[in-house]
Each structure stands twice: as C-alpha cells, then as structure tokens.
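Each remark here refers to the structure printed beneath this line.
Per-chain numbering from 1; labels A, B, C and D assigned in written order.
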C-alpha cells in the first residue's frame, strides 16, 4: 500500500489557529524527506479544492513558518462542498458539489488528502472518506472541545494569552479596588476559561457547563472584602449562562435590539454586578481575536509537529478515514466516524474543577 | 531651605498606569538615602488626604515594585477635595474641603507633597500650591496628551501592548483575508494609535485630530487588493470621528438606544465597512484595560525613576508648584500653572504623521 | 485519620524552579479553606527544619505569588540532615542530625510535612518517612528527569525560555550565515534540548542519551548548504558527549587547565566546528540561569496547583510516604521508595526523537 | 536635483541588529511610493557591492519584515573595499578595490547608495562619499555609542532583553540568597548596562567608563545584608575594568592561558567575589547573542522607520555625505565626516548615572 502513494495534498479549514503552519510544515517535511512524496496545498480550504486552487509545498515554502500563527494556505470559514453555494441562472443556490472535489483530486493525481480543521471541516472530511477519498484528519480547535483527542493545538496558545490578560487586569483591579471581568472564547465548552482562570488566579470562573447564580458571585466578592481583598477577578467563557431564575441578566438581553453587538455575557455580567454591588466599579474586557493570533506557543509547536508527522505515517500505512489524536502523552488516531458531532465538554466533576474549588475559586453555583 | 524638609508624602490619582510604582519607589529611595527624609503615602489619592489615611514608605515597602503596574498606594479616579462629595444631614452635597487636606498635612507635619497624576489630579495639585502647600507634580497619562512634557510614563507600555495586539491580528487577517480593527485608547489625542500603528504596520490609522472619510478607507482597502494584499489592518483611537458628511456611521449611532454599549468607534467602523465592502469580513477588537495593566516596560521604568528622583531634587531645592517634565532627552520641570487644562494633541503636520504617510499609511483623509 | 491532622508544614529544597510558589500557594489555600489546617513553612529547606526556622503561611502570605518564580520559603541546595555539617570542638564534621528534625516537628506539633524538591531532597523525605514522619513529596526538577511522574513543574517554563532563545538566535544566524549554538540545561537527561529543539526549529539536537559524532554534524551543515540554507542552529544539553573516537573535542579538553570554566560542551563544540568548517563562523550562547527564573508559564502554574491540591488530599487521606505525580492527564501518586535514585532519561526510540528525525533533525549520530 | 534620481541601492554592514529590516522596509516603501524610485539591495554589505550581488527590493519583498530582527540583505562583518582581501597569484593580499565598487554602482545605474551600519561600515561610506558617490548613512549600533545621534536602533531592543534577563535572575537570587551577575554588551561604552541596570533594579552597575574597585562591591553587598537583603544583582558591561590596584582580578587573568575563553569580565568578577564573600554563592550569566536577535521592539520599529524615511528625503534633497540622526525628539542629519572614529561614551556625570546613584545603585567606585 505504502508504495502507491506519490502525491498528497492538504487543506486548512475553519477559523485560524496557532499551530496550523506548524502542522503544514511537519507534514511537508516528513512527506518529502521520509517518504519522497510530492506535497501540495489547496488554498482557502474546501473552496480551493472546488476551484482547483493548488500550490506546491516544498522544504523552502514551509521554511520559517513553525512559530507563526495563521495558515499559509489560507482558510475559509464556511465552505462545505456537500452544501455549497453556486450560481445557477443568476440565482444563488445550495448544491452538493463534492463530486467536483473528488474529480479534482483525481485529475491532480492526489493520492491522499490531509484535512486540518474543526468539527465542521472534519465532517466534510468524513464524508469525502465515505466517498472513497483517502482522507486523514488533523484536529484543530482553539476551544479544545473536539471529541476523541485530549488536546488540540491552538488551545495552549489561547490560554497563555488569556492568562497574560488576567495578569494585566490584576494590577488595575488592585489599584482601584475594582471587579475586572475577562471574556474569553468558549461557546459550548469552558476549557479556556477554566484553565486560564486557574493559571491567572481568577476568583470566579464562569463556564457554559455550570450555569451561574449572580448572587453567588456577589457572595464571593463580599467574602473577599471581609478578608480585606477589595478587588475581584472574573473570567467568563462567552457561552456562560445564568441559571433560569436569574432575571436581572435576562431583562437586559430582552431590552436589547441586537444582543450580539452588546458584546456578550461579560458586558451583561458587568451591568448586573454594578447594580448589585454599587460600591464597586466593574469593567469588562473582551479578549476576542487577540487569543487566536500571533506566535504559536512552545507546547503547540511541539503538538502540531507530532500531529503532522503522525498524519503522514497514517498515509504511509494506508490507515485512511482516521484523525490523528493525543491520548495522555501518546499520539494515536481515531476514526473520523467517531469524532464528528460530539462536543468534549468540561465535566462538572473534572479534576480541574475540583482543583479550582479546593483553592477557593467560585464557579458561581 | 533644604534643611527645613523632614517629612514628605506622596499620593497617586486618576486611572492606574504602568510606572506609578516605579515613581513611588524612586521618590522613597532618593528621599531616604540621599536626603534623610521620612516618606509617607496617602492611600487612594486625595480621598486619603481627606481621611488622613497615611502609611509610612520605607526601603522595604518599595522593594520589588519597580516592574509592577498599578500603584501600591491605590488610586481614586474622581475625588477632588475642592469639589468633594460629603454627607450633610443625610444628603450628599458637593463642598470645598481642601482646608481639611491642608490641615491634615500640617497635623502630620508633612513638609512637602508629591502628587502623581494626570490633568485632573494635577489641577488640584496646582490649587493646593496656590493655598501655600509645598507641592511637586509628576505627570501621568497613558495617552501622552499632557502639556509641558514630551513623554509621560505608561505611554510606552501602552504602545508596546497595542503593537503586540496588531501583530496578533495580522496572522488572522492574512489567513482569512479580513479587515481587522484594533480600537485603542485616546479620547482626544491619538498618540497611542499613531505610534502603535507605525510600529504594528497598520494600513490605516484613525485619530481624533484627523476626522476620517469612510470612503478613503474603502479606497485604501481596494488599492491594497489590487496589489494582491487581500487583508487590511486598521488601528483606531477611541476618540476618532468621521467627517461631517459621513452619514453611514451617524445613522448607526442614531439607531442605537445605548451608543456607549455599542463598544465605540471600532464597532461602528466595522459595521460601516462590512456594508461598503461586502466581499470582506471585518472584525473589531477593543484593547481596553489590557493596555494599562501588567508589567511596566523598560522605557517607562527608566523614565519613572528619573521623574521620581527629580521630584525629590525639586523638593530639596524648594522649587515647589512645579511638575517634573521631559524635554527632548532632559529631565526638567514646568510650572503647574502652565500645565493645567491644555491637551497636547497630535499636530496634523507632526513628523510621525508625515513618516506614516510616506510609507503609505492612510489616515482616512 | 483525617481528623487527626491539625498542623502541617512544608519546605522547598534544591535549585529554584518556576512553580514552587504556585505549589506553596495551592497547599496553603487548600489546607486552610478545605480542611481547616494550620500551615507553616520551614525556611531554607532542611536547614530550617534543623534550626526550627518556622513561619506561618496564611491566605495573605501566599497572595500574589502564583506567577512568580523562586520560592518565598527560600531553598538550600545541599543541606541533608542525614549527613549534615556541624561544628564539634571547632571542627566541621558530618553527622546524622535527622533526629533533631523529627524532634522539631514534634515540638512544633506538625502532623504532616510536605517536601517539595528533586531527587536529593526527596531522598531525605523518604528517609524521614522511614523514621515515621508523615511525609508527602512533591516532585520538582527543571530537567524533567524524575522517575514515576510524566512531567515536573518548571520544565515547561524552561523549554519556553529555551525556545525563545532559539527564535532569537535564528535572526542572527540567517543574517550572517552562521552556526549558532544554544547550550541548555540537562546533565544526564536531554528533555529540555529535545523539546526546545523541536519547538525552536533546531537543525541539530545533542543530548546526553545519544553520544554525537562531530562529523555527522558537519554533514548536516553541508547538506543544508546544498539546499541554500547557509546557517544552522544547534541546541546542546550541557551533558551531551561526543562518541569515544571523537578525538578533536577530547584534545581540547585535555589542553584546558580548567574545563568547567571553558563554559561547557557548547564552547567545545563551537571550537571543533570552526576548525572543521572554516567557512562558517560559529557562536555559542549558554542560557544558564535565565532558564530557571522569572515568571512561571501557564502550564506550570496549573500543574503546580494540581500538585499542591493533591498533596493536601493525600495528607487528609493519610497516604503518607508518597509523592504526587502526573500520569498522562491524571494526577496520582507514587511511593517515595520507588522514586529515588532513578533518572528518567530520554529513550532513544522516544516518540519525540522519532518525530524530530522524521522532520529532518539530526541528533549527530 | 530631485528629478535626477531614478535608482537607489542599499546595503547593511556589521553585526546584525534589530531594526535593520525596518529601515530597509521604510526606505523601499518611501522611495517607491513617494518618489517613484527603483530600489535595489546589495547582499552581504560591501562584499555584495564588490561582487555586484544586487537584488531588487519591492513593496512585496519588504512585506512582513517590519518586526523581524536580522537583515534580509544579509551582512558581512569585516569586508572593507578600501582594504579588501583578494587573491593574486594564489596568495591572499589586501588591496583597495573601492574603484570596483564605484564602477559597479555606475554600471547598475545606481544614483544613490544608502549604507546602514556602525562606525566601520560608515567609515567606508564616508570614503565612498569622498570619491563622489552619492551616499547617505543610517547609524546602527546596539551599543548606542555612535557619535552625532542620541539613539541608534537596536539599542532599545537590547535593553529590553537585558532588563528581562535581570528580572529572571532576581527570583533565583532571592530564593538562594545569591549574588547573580549578568554580563551584557558594551566593550567601550556602558549604555546597555547603565539603562538595563536602572530598569532591572541592579544593585551594582559596572561600565567601562567607571573602573571599579572590587572592595566597593563587597561593601555594597554587605550593606544590603545589614538591611536584610541577602542577595544582590550585578550587571556588568563586557568592557568593564577594575581599577589598577585591583590585584585579585589581574592574577586570575595572568593565570589563564586563554582569557577570551574564560568568558569575560563576568566570570572573573564571580570568581573574585566568591573569594571575598565566602558566605555567598555567585553566578554569572553571559547574555551574549540573545540580546541582538529576535523581534524588534516597538521603539526601534518606530525609530528605524523614521530613519528610513529621512534617508530617502535626504536623497531627494540631494543632501549626500550625511548620516540621518536623532537629536532630542527630532530626526535630523549630520555630516559623515563628523561621525567617524568617535565613541559616544557615558559621561561620568550623565543624568542617568546621577539618577542611579541617588536611588542607591553602586558603580563600584
């Protein structure tokens, strides 16, 4: 089987993430140096596969990119060839154009395709595998919420940046005796808030998996005051939600014509807390795009390199339809069929939750 | 004159700013080691002066704080003893309680007071000087917009952080061919946007001093596209404003029930640009409190130390009623009477404006 | 058993390491907040135990130390109460004074002792456990070479700094077409060189576990030259050694009156390579103490916190004589009897070695 | 005059320095966008001028380099066309081949040459100016010791790194009660040691301009001990020297067969202090190449950009034979005739020396 592979291609899909370039580099170097494959990249994810936008990847073209965030292959966020927007008679319609992708791979004599992306991108990867394409997946989410792998690259860079943000907010909180809130990524899973909250010494960590009671947060702030700590630091995942009965926040959401523009849960939380604790000023900062760009951290450079090398090994061994994965300390793989559509949430009895509680952190519950 | 001084006090007022602790340390060390003064700090700015909340400052208490943002003396943002909120018969009224401050200084036998703060804090400093208090001012603004000094501490730390933010946004902008906006501080003066924009390779810099025409920004983005640059980076000072005729933005502001919550000019700009350039996604990030906390940069540690040493020298020389200042490379001083109420704006023909224009940066005009 | 514990003490031994303060904080907070223990620290490691140099640890005294390198309890490198230097009749002699330690614990009514340190410090911990002291160990080595645990805190901070060092050397190497060497810690185990070498894009990684042949390094440099890469980056663990037949290096060592002063293997390597590749300048940089100080990285803050919490849980459960440990993603523990005297070396077929080889890295063999 | 210029070239000489790429970028962009010049670069400094190794510089080729250390044009350290090593009849001889350079400029129709370098590189620039070449100089030294300009780029990046190094050493010094030494660049001028020493809270700063007395350093360490500070931090410029009578150090130097290999003044200082203060361990770290690589700091990015823009303006105005310079806050220029062969040393009564002394820093004198 090994001997049949001559040319491989890769593409990156979904939001950018530190480590994408490190994966591209590791795949390209391993494929060329160890297996003598020719390597190509489709630009802009699946859109490039549809448009046959193919570029050769060489030792030279992947030189100097190990540490750089982003992706030299560019990415598109939403393009899905199984439900793709095309123009017919001047009207935009959705069509399954995946056969064009399959055809393009054949025409370009690509023997195997490495797809680097999150749940959406990997769903298409699985569907191409079902159509007989030799696909290998590489998992990418900053949120670290992909099933079947313990850690995805980009996540550790994100918590580094979020932790640095919390460090910065501490000096202002202390000087002014304020409540400072940092809103971080995590729509459905609270991993970034949880880990940066522990590392950044947050007093309160709010995550989607544990709906919060605003009164519990007020209690925590007041308990700190009694110990002479007149400031508090809160880290909140963008997907954190109040418990049902928590009318104060809900009212604000209802009043708003455009809740997304209001800047998310952090702003609502700030407004609520200022009402309930009038003695304190409260400020929210939305970390936003700062947590997904810039240089890739040490951990993610190594993990991405391991993923890239493993992806080529799976190709050489003909183990298609799989995604590379990290289990404990070991690089392994899992079937794409098992990965898709599952979210790896923070369990309410996760060891890190317990650790945070033991050192006195509140989850607002 | 020198021999009369035995005890000095200092206080910090206004928003926190990297370098405050470095000033406190330099004053304390110089006063104790060179002049044998006793040193005290009023906590929470002028409020501490009113409440006689005085703490001794020693070599030990200022040890290890040189690099730390914030202020170990705490700060209050708004307290002004010449217009202070007090309760009389259960009702809050505004009163001039500055005599209490003068009295407290006398009772504590404080021979000179060093006031570290921005325009508001220094206005009171001047007013205390007029009442005969031996006052020395130390200028503090992150925005660098204080008159009579070339640079204030905190500013260089802020542009370091803003520049790092722009670096981070670059990788995402490139990978997704987006327009990325970073909104930085600067309500009336655009120094942070200007300098971080040059250092962070912004394509467009928007500052309060140069009202922008949204169509010029669109032109710039399209001109870049022609050269194959499918992304653009914009840095915008929070006080930047469109030219009068710029209806698109104004409409958004009118429509909004709560313009402050909309997150400022960056969000408006993003909304406008998405309408005018539908082919591009546009994202805004508000740097916010991240740019005023954390560790103090090298430049600000040195400048703050120079200011602190000079402040004590002025006390020793009896040159009260002055503010320490930087002119070119030299530490000097200026009368508080000349400092107050003036804003040091970016001149439209400032050398840095010209430099930015020459390398192709647009100011949206 | 749980109810018997009222007072616990901790001490830190051996070289300082980022994360020590995070462990101290987590132990103190967990012990006070969850179990109501009183907490004390012996200053300067075992010397403090001998001298009864005991200080209370409170929520206040461990506040603000999570991110700071070093140890607020101070450390001593060599003191071992089972072989302690004391003066008798004016002469320094070595004595077993461990009974004094046991006695001091009893007098201070310390019910359990947490010992944070490396192999040497934990050897004494085991010996105190054998004498019936309720001991819990927490593993600490920057080199990550301690048995029975996958990762020790401090290690990830060290590889962050080493990787940043390699990033820095790249720009100089490229500009001048030089061979740049970075010498990092690792006397017997090459983990730091291996991981920072992968993350920092080193062309050659030299570790104690794989003796190098200088001619293979020359080959690698020349192979790069053929591809137009006129510079090379080498990371070398301080304990790396040439193969037996490698006379060039040995000769230099013989010639030298004081090999330690010569600055270690990096300098020898530079001298050898300059002789063998006269067309290239070669420069060595010794990272030294820079890799063990400063702020603790995100990963180490979290790991240290988990270790600290687990240590107190083991006390509460009466599981003495054990060391907390990380296995895969799980915090667990191992008997101190099994930990001591073993070094966790890099296996020559470690996955990371294989990964590095696959992307083209040379180990000089 | 302006209209005569059509093509300009630039070259970088001497050791690499953060900011070189920023200068190259600013020159290229300004020349193309503002003046419509064609821009070229000679690779490897003057060697490229001799070999006619010319590459076009375009908006594209200078894209993305603003923040990167090093030089995309490469540099050679020693090549001087006025005293150049050539082979004649198989023998290497030194010859004045500057006419070849002049001829190559003519053949390539280069109307003006921008030379970016330090004292050596600019000496040749002056000599080419004397031969009628249209030369503009841009000053580059990490040491900041070039005459006629207040600040050179690279210097502020270097002091950032040195300051961070001192921050790191603090935690180890404190934990172990050690004397930690950081040896930084500065063979004849002590600017890096002076400024990083103030910013990094060094207790002792040793610079070439102030010969030190080892006993004064011992005094300082002991004075700190009395105040309960059992550690000390020393920053030493590589060119620092003991006073004549300081036999201890001299003896070590005499004993050594190879003083350069001994690692410089920091190692000698460590050896001396360990002898004189046997109660303290002393450790030296040589910052070395770490202080000249990596990313360019904010300040240097801006300064380099200003220098680059000014260099093109001088070309447009026909003001050849000059070097761009910073005076106070203003970009200006100075005749190359006045720059060469002078070193800008730290004056013993420099304000920064006085500032450091006032806060209690010792200069060992």
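Some notes on this structure:
Methods note: contacts are C-beta pairs under 8 Å (C-beta built on N, C-alpha and C of every residue); 3 or more make two chains touch, one makes a residue touch a chain.
Keep in mind that this is a model prediction, so the values were computed, not measured.
Hopping across touching chains, the smallest step count from chain B to chain C is 2. Listing every chain that touches chain A and chain D alike gives B, C. Note: the chain lying farthest from chain B is C, by mean C-alpha position. Chain D has its Cα centroid 35 Å from the Cα centroid of chain C. In whole angstrom, the spacing between the mean C-alpha positions of chain B and chain D is 32. Shown for chain C are the residues that touch two or more other chains, namely 167.
Those residues of chain B that touch chain D in the complex are listed here as 25-26, 29-30, 33-34, 59-60, 63, 66-67, 150, 156, 159-160, 163, 167, 195-196, 198-199, 201, 227-229, 297-299, 301-302, 305-306, 308-309, 312-313, 327-331, 351-352, 354-355, 358-360. Listing the residues of chain A that touch chain B in their complex gives 15-16, 18, 20, 68-71, 74-77, 161, 164-165, 167-172, 174-177, 180, 255-257, 261-263, 267, 283, 285-290, 292-294.
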